[in-house]
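What follows is a group of structures, each given as structure tokens.
Two complexes come next, and they have one chain in common, subunit A, joined by subunit B in the first and subunit C in the second.
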Partner chain A sequence: MPYLDTFLKALKTRPLEWSIENLISGLKRRQIRTTMSCVIATAELLIVVIARSKMRSAEELLIEIQEVGQRLIEAKEMVVGNIVRRFLRMIRDEADEDRNDDVRDSNFAASYAVTKGTPLQNSLFDLFSASNPPQPTDTGRSSPQDQSNINADAEALQAEAVDAGQEILDEVKQSESNIAGYAPEHILPNETILTHCHNRIVQRFLLKAAEKSKFSVIVIESHPNELNGSDDVDAAAFLKSLADAGLTVISTTDGGSWAMMPKVDRVVLAARAVGSNGGCLVSVGGPSVAGVAKFHGKPVIVLCGVHMISSADQIELESMIEHGSPESIVGNTGGLPPNHDVETILQQYLPPHRINLYITNLGGYAPSYLYRLVSDQYSSKDSNPRL
Partner chain B sequence: MPSSNPAHPPAEAPAPSSDPPKLTGPELKKAKQAEKAARRAQAVLEKGQPPPAAPRTSTAQNAEGGKAAKGQQQRRVSNAAAPIKNMPIRSQKAQPVVEEPAVEDKTVEVYRHLRKPRTTGLAGANKDVHSAVLALGLQMSDYTICGSSARLVATLQAFKKVIQSYTTPPGNTLTRHFTSHVLSPQIEYLSSCRPLSISMGNAIRWLKLEISKVDIDTPDHEAKNGLCDAIDNFIRERVTLAGRVIAGSAAEKIRHGDVILTFAKSSVVQRALVQAHESGKRFSVISVDDRPLHEGKHLKDALINLGMDVTYCPSAAMSESMKRATKVLLGAHAMMSNGRLYSRAGTAKVGMEANTANVPVLVLCETIKFTERAVLDSIPHNEIPPADELALFGGATENWRDIKGLQLCDPLYDVTPADFIQMIVTESGRVPPTSVPVLHRLGNESQV
Partner chain C sequence: MSQKSGKGAGAGTKVPVKGKKGGKKVEDEREETLQAVILADSFETRFNPFTLETPRCLLPLANTPLIEYTLEFLAMSSVADIFVYCGAHTEEVERYIQATKWYPPNSIASPFNTLEIVKTTARSVGDALRDLDARDLITGDFLLVHGDLVSNLPIDQALAAHRARRTADKNAIMTIVLRDEGLEPQREHSKGIAPVFVLDPTNNRCLHYEEMHPLQANKYVNIDPDLVKENTEMEIRTDLIDCGIDICTPDVLALWAESFDYEVPRRHFLHGVLKDYELNGKTIHTEIIENRYAARASNLQSYDAVSKDVLERWTFPFVPDSNLFAGQSYRYGKGGICKENGVVLSRTCNIGKRTILGKDTRVEEGSKVSSSIIGRRCTIGKNVTIKESYIWDDVTIGDGSTVERAIIANKAIVGQKSHIRPGALVSYGVHIDGNQEVKGSSRITRAKRRKNSIEEEVPPDPKIVGETGSGYAFEDKDEVSDDEATAFHSTLIYSTAHLNISTESISTISSEISAPSPATSRSRHSSFISEDSESCTNEAFHHDAVEGLLGTLRENGDFDSAKLEFMGLRLSNNATDQQIRRAIAVAFTKRISQLVENDKLDATKAAAQAFGVSGADRFIKNVAIGDDGSEADQVDFIYRLQKDLVHRSNGAMILAAVSQRLYQMEILEEKAFLKWWGESEGLGEGEDDGMKAVRGKTKVFIDWLEEAEEEDSDEDEDDDESD
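Up next is the complex of A and B:
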């Protein structure tokens, strides 16, 4: 990821506005392509936004993040919106925590208990309290002492938010190895695993399982290779790494998936973006493979980091689908006659009924449960497509 | 070639009387070979297709020794001259032939029972194999003649030449001698080039029966002419006319505004589409295909040239195109007696997606392709082409042989469940899949 490296280097030295524009153009031009590098770049940028912010309250910080986030989201990368919403939620939580601390300090109400993953706001009251954060009951706020209090609070919040942002970033960075860690549970010796395209997470997943047991992998090589997803590694490298790990690797075509399926034990796919309804976007051809598996009664496992799960539904997911160039399919397209069309779709929507299990960095979940993960991760206040 | 002119030369020198000098056996053979080579070269030029393949599997070639190696070299030279895109990789493949220790079994376990070395050259061919059959075998093994119907017709035409150049040796009768001594080696050679199609099997069974019906007292030329006429009739009835009837019948089913999705390339489907187009119906076509043969591209080009609206769609994106399709027309390699469709790999997936999207599936199939065999899935009976063909067509796996544990597998056919098929259009009418065994008995077995 050379683009990511230069971006991160420049982020430290260049003005913030320059970095934002740089990332937006990088996303739009698909110079920064893999989900992981999109996530890292966004998270690093947002941390810098927080660190350099001159805000005086959590609300101001939220607005700042929302403004930057909105511009990034317009670059049409689902996972970027997820990260922005994670940050918004995180800042809300930090602000609530501070406020609750204050409340607790004043009236010793020690009922507050935050555990990871449980939604914080549970009452209508929260809806109001979050929109006007610092002590709405205060009337005299012009005294210089109050002013310095607010400044101190803001600084504390800023520091906490940067730390929490760093935590999100770390979680995302570790997600792939966490997902791979579940592999030995799901792949047993002498099984036959079928996968589609050459996804990096799938590669790590299978290699992790290969440490424990030996099995066969059938790889559907989608035609043409250029159409494969942006999270894919080079096909030859993918096949070689699995073969070198001592696995039997069988490469076949899309057409071969039906003929091979009776001998397959499990199908492993990787998602590009996941919706709260349990459906997801996968590389083109993936839904058909999952359909064939379902017809033959074989379980379909989809790998994804929780940062890929969003509140989007099928229509929003499908609006994210990219199209490639017809040149990679029919060769030189200089003289395509007007009555000649080429289907160049790059991703497809995989409906939840063709999926048996999602394996995320937090564990395995049925597609029907994903909406809970969504409500755990994001605040309902940020659920609009536009921030 | 000897003409159909009924000559009665001695068996030792079967040269036709029209040839001025009498040739000895070896000379004749040489002349035949030269002629065949020229014909092959011409066929290659005409078709613009890859010439007879350079060796694909090294293991198969090793056994054949020096003679085979010589044949390879010759072929490589001729290949180098031809401007064919796929050739460089193939000839690269040929190089590590000698030093390969052949330790690792690269065949896929599931399909190991189908493994069969494939003849890709003339070396090792039985000396009784007719030159026309030799040429046909090579064309089949490199997919120049690829479709089930095309192979059927070409085989029967070649057998006609075999019959015409045949003279019954003294003390024998055509009925008893021809099938076992002349026809069998031809069939054996063809099936070593590429497994015989179901339709070819049906036709060969019919031809053997015809031969056995010939009265032993019939003079040679009369019997030969009779057989040739019978073959012509067979082709006309079972393939040409059948195809025309099916195409017309299917074209009726195409309506204004339809979006017809079709997979790979079937001659009957193509004819049906063209016929519907020529009758003034306005509809569009989605042509889906897959590696390594990319037959849909030929169909697409042919239809575009006629001015039809065509979308080309790689197999992976097929379910996306299915969303706007209104009918699916499929060709068949064979229809199994349990109503399942045996066709180009990927067809079953098309059927499945059509079924999911509630799009009706019509199979266009001549009854000559019906068989009494019943299969459930694509594993017991299939055709596995040499694995290098998969690596050849632009895959990322060019040097896959060097990677231990990596296998390439590309079954050529798959079996579509009968549930996915709404209608089979045959020359005997439009029937449901359950009627396949009935039509097979009426059409194929009544003759036998």
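Up next is the complex of A and C:
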């Protein structure tokens, strides 16, 4: 990920605006491609946004994050939007905590004043109770001491938000190993696991399980592999790592999945983006494998980080599917004949009824239960896709 | 995604090894910034009439100015400093770039450290690069690209290979990035001039470069025998698309500066440097890419080709729905339709696949649009058919009109029930009345015509745009004399209908062609010079010989020394008698036509001057005709003269003058002239129109000769009788 590295390096020294523009262009030009690097870049950028913010209230900070987030989301919806919403939710939570403390401290007179609609001068309460908070300084009735109080509170909030942002980042970075940690519970000795393409999370998941028990893996290949690209590892490296771990590895084409399926105990796939309805986007060809599994009554497990789950529904997910260059399908032929169309979709939608279980970094969830995770992660105030 | 390296396996193995060798140095130099030079204008007129009003690099391709693609490519390549060179419309380019996100002073978000628009009076690429050398702006390796480049190629690999080579060998000065066009010829394949690369597959070195011209008499590449001796392997390739990306060291600029006569990067510079390898030892390498996209929209046909590639998404991620250009909001929908916000489509209109529609464009009831790009704020009326066309911003197309394979520029208006035929170009603000038919070959503009550096309004031509329309048919005066057959480039649709490119009998080199050439009949008299001997003419010999003789003629030099040189050249190239005659004929006719055209001399006087150079008569007699002076050789020489003069203006006048002169000088005999004339007449219908026209004026001379002969023979008879 050289682009990600240079971006992160420049993030510390360059002006914020430069970094934002740079990330947006990187996303648009597909120079930052993998889900993980998109998430890391976004999270790091948002942490810097918070740290450099000159805000005086949580509201201002939220607006700032929304503005930056809006621009990032326009560049690339999926995971970037999720991270922005996580941050917004996090700031709301931090502000709520502060307010709760304040409410406990405030006296009866203060609460009384609020009910009467007069702005409070000695508390931050008003900042969160009104949608358009009256500025203490604007009222002209604030004393210097109140002013410093507010500044101190804002600084505290800023510090807390940066810490919390860092936690989100850490959680994302550890999500893959967390998911892999559940592997031994789901893969038993001498089972046969079928997977599609060469996803990195699947690789870690299988390797983790291989530490405990030995089993067989059937790898379904789809052509063209590079389409399923961004989160995949090199096919040869993928197969070799599994074989080195002492597993029995069988590679076959996607046409072979029907013949292989009766032997299989479980199908393991990896998601790119997950909707709250329980459907998800997977590599092209994944849904057909899942369809075969459904026919044979085999369980389909989908691996995903919690950060991939969004409030999107099927239509929104399908609109996110990217269309790539026809080159990977028809090769370097130099233009298509007039009646020849090439559909080069880079992801495919897998409906929830084809999935038995999601394994996230927070544990296993049924597709029908994902909405709970969504409501836990994001605030309903940020559910608007365009922020 | 890893790039598969070039053709040969050698390429794959050699480069990494080299990389390892120079590994440490490369590491040190990674910090050095990469610079780039954009040639925003390639000093050509191929996009006329559009470029009369807008610089070429700002023409929209898929609703995004061309230069944006180039800048995105450079941003993707992590270039730090950019210097933009433009010829025409510099202010406009400057104003445009300064308003974009790229321009560093007004935006801290620009990925570039500097972006400088260099003001220059350069008239060619060569001038621009020599100017750049003089300015001393380039500090290290730089990318030389054109302002019309569209590419999604990650340059890293080519750059690393270049740097490794450069650290290993200081003389490896340049790496050219070429695209393998695969099994089938690609749309971007230059249909006019075909580049021929001779490569050493073991190390990707470029050994020789030539350009093939469709009008060229023979399709041969002339390779220096030494190259064959030195290199055990060689690939001669015409299947490479030159996307104009060069990775250069500063030495390249020095070379440009040394050679004042180089004007274009390929035909002059590349060819010249490779030819002078013995002299300067500089090597040029190539990087052949197979699985990424790179192409230039360098003429209207390639504009068409690249636009189609964007529609088919070969350029991904540089497709409209990536919204790379500020302010765009494209979404990719089902069936390959890219729409911006605010597009209004009526219920019964039919938007076909591979279509791009810009913001606030309306398509009314019953209209059909397919494989087209339509800009912003356009209004497409009812029952309009648009196919494979490029319609820019603010265009209005009236009800019931059809537009097919045409380009319609900003703010143009097409009236009701008009028909724009394939190949038509409608420039800015042109208003075409209702019920008009715009022919495929027409280029309509409203631009002020420049006459003797005074701009003047041109009245609308009602024949073309209708009674109330505005605009006139654009004609380019320069074009006819343009040395690159512009006819190939300035039309949207590649067509050879008006050009006869299949005949092998057009025996001029590319620089001498004035299009359109006359149709040449293939049914020739059997006694004429055999086609075979001609088609194996040695092009290099011909070129050098003509140049040498011309030099002598121009300087009024001494033909005795020229003869020595000429014979040397003849021996070294093993040229045949026919070739020699052809070269001499071409040299003299060229000189005479130059005298006629430039010095406004009378054809007779010009001929006298040209043949009056000291030793010229002896030279022609000895070398061209041969010492024995056989009749057949003399006839051949006349044919050569005639054939070359077909392409020249005033050819008929010159041929008459030359014939007379050569007769007077007793170089050619009357029998030869009469035989030539008789054979030509004998062809009758089979004779080429051009050839016939050229010899028309000579008829007087021949008649005179015939009369003289009759008198002669009369006298002979008298003599006989008297005897």
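The definition used in the following text is that the second predicted complex is superposed on the first by the 349 of 387 C-alpha atoms of A that agree within 3 Å, B and C clash if a C-alpha of one lies under 4 Å from a C-alpha of the other, contacts with A are read in each partner's own complex, and residues count from 1 in each chain.
Keep this in mind: contacts are C-beta pairs under 8 Å (C-beta built on N, C-alpha and C of every residue); 3 or more make two chains touch, one makes a residue touch a chain.
Since this is a predicted model, take the numbers as computed values, not measurements.
*Asks:* State whether subunit B or subunit C is in contact with more residues of subunit A in the superposed arrangement.
*Replies:* B
*Asks:* I'd like to know which partner A:Leu357 touches here: subunit B for first, subunit C for second, both or neither.
*Replies:* So A:Leu357 meets neither subunit B nor subunit C here.
*Asks:* Considering only touches as defined above, state whether A:Gly285 meets subunit B (first), subunit C (second), both or neither.
*Replies:* first
*Asks:* Just to be sure I read the superposition right, which of the two partners does A:Arg29 touch: subunit B = first, subunit C = second, or both, or neither?
*Replies:* second
*Asks:* Does subunit B (first) or subunit C (second) touch A:Val342, or do both, or does neither?
*Replies:* So A:Val342 meets both subunit B and subunit C here.
*Asks:* Look at A:Val162 in the shared chain and tell me whether it touches subunit B only, subunit C only, both, or neither; answer first, second, both or neither.
*Replies:* neither
*Asks:* Report for A:Leu207: first if it touches subunit B alone, second if subunit C alone, otherwise both or neither.
*Replies:* neither
*Asks:* Taking the superposition on A as described, I'd like to know which of subunit B and subunit C A:Thr252 touches: first, second, both or neither.
*Replies:* Only subunit B; A:Thr252 stays clear of subunit C.
*Asks:* Once the complexes are superposed, what residues of subunit A are shared between the subunit B interface and the subunit C interface?
*Replies:* Dual-contact residues (subunit A): 341-342, 344.
*Asks:* Considering the complex alone, what residue numbers of subunit A touch subunit C?
*Replies:* 2, 6, 15, 17-18, 20-22, 25, 28-31, 74-75, 226, 229, 319, 323-327, 331-336, 338, 341-342, 344
*Asks:* If we count contacts the way the header does, which residues on subunit B are in touch with subunit A in the complex?
*Replies:* Touch residues, subunit B against subunit A: 108-110, 286, 290-292, 297, 300, 304, 307-321, 344-349, 352-353, 356, 377-379, 382, 390, 394-398, 400, 403-411, 413-415.
*Asks:* Along subunit A, where are the residues that touch subunit B in the complex?
*Replies:* Touch list, subunit A to subunit B: 221-225, 227, 234-236, 239-240, 242-244, 246-260, 262-263, 283-285, 287-288, 291-292, 295, 329-330, 337, 339-345, 348.
*Asks:* Mind listing the subunit C positions that touch subunit A in their complex?
*Replies:* Result: residues 1, 72, 75-76, 78, 101, 107-111, 152, 156, 180-189, 290-293, 305, 308-309, 312-318, 321-324, 331-332, 336, 353, 371 of subunit C touch subunit A.
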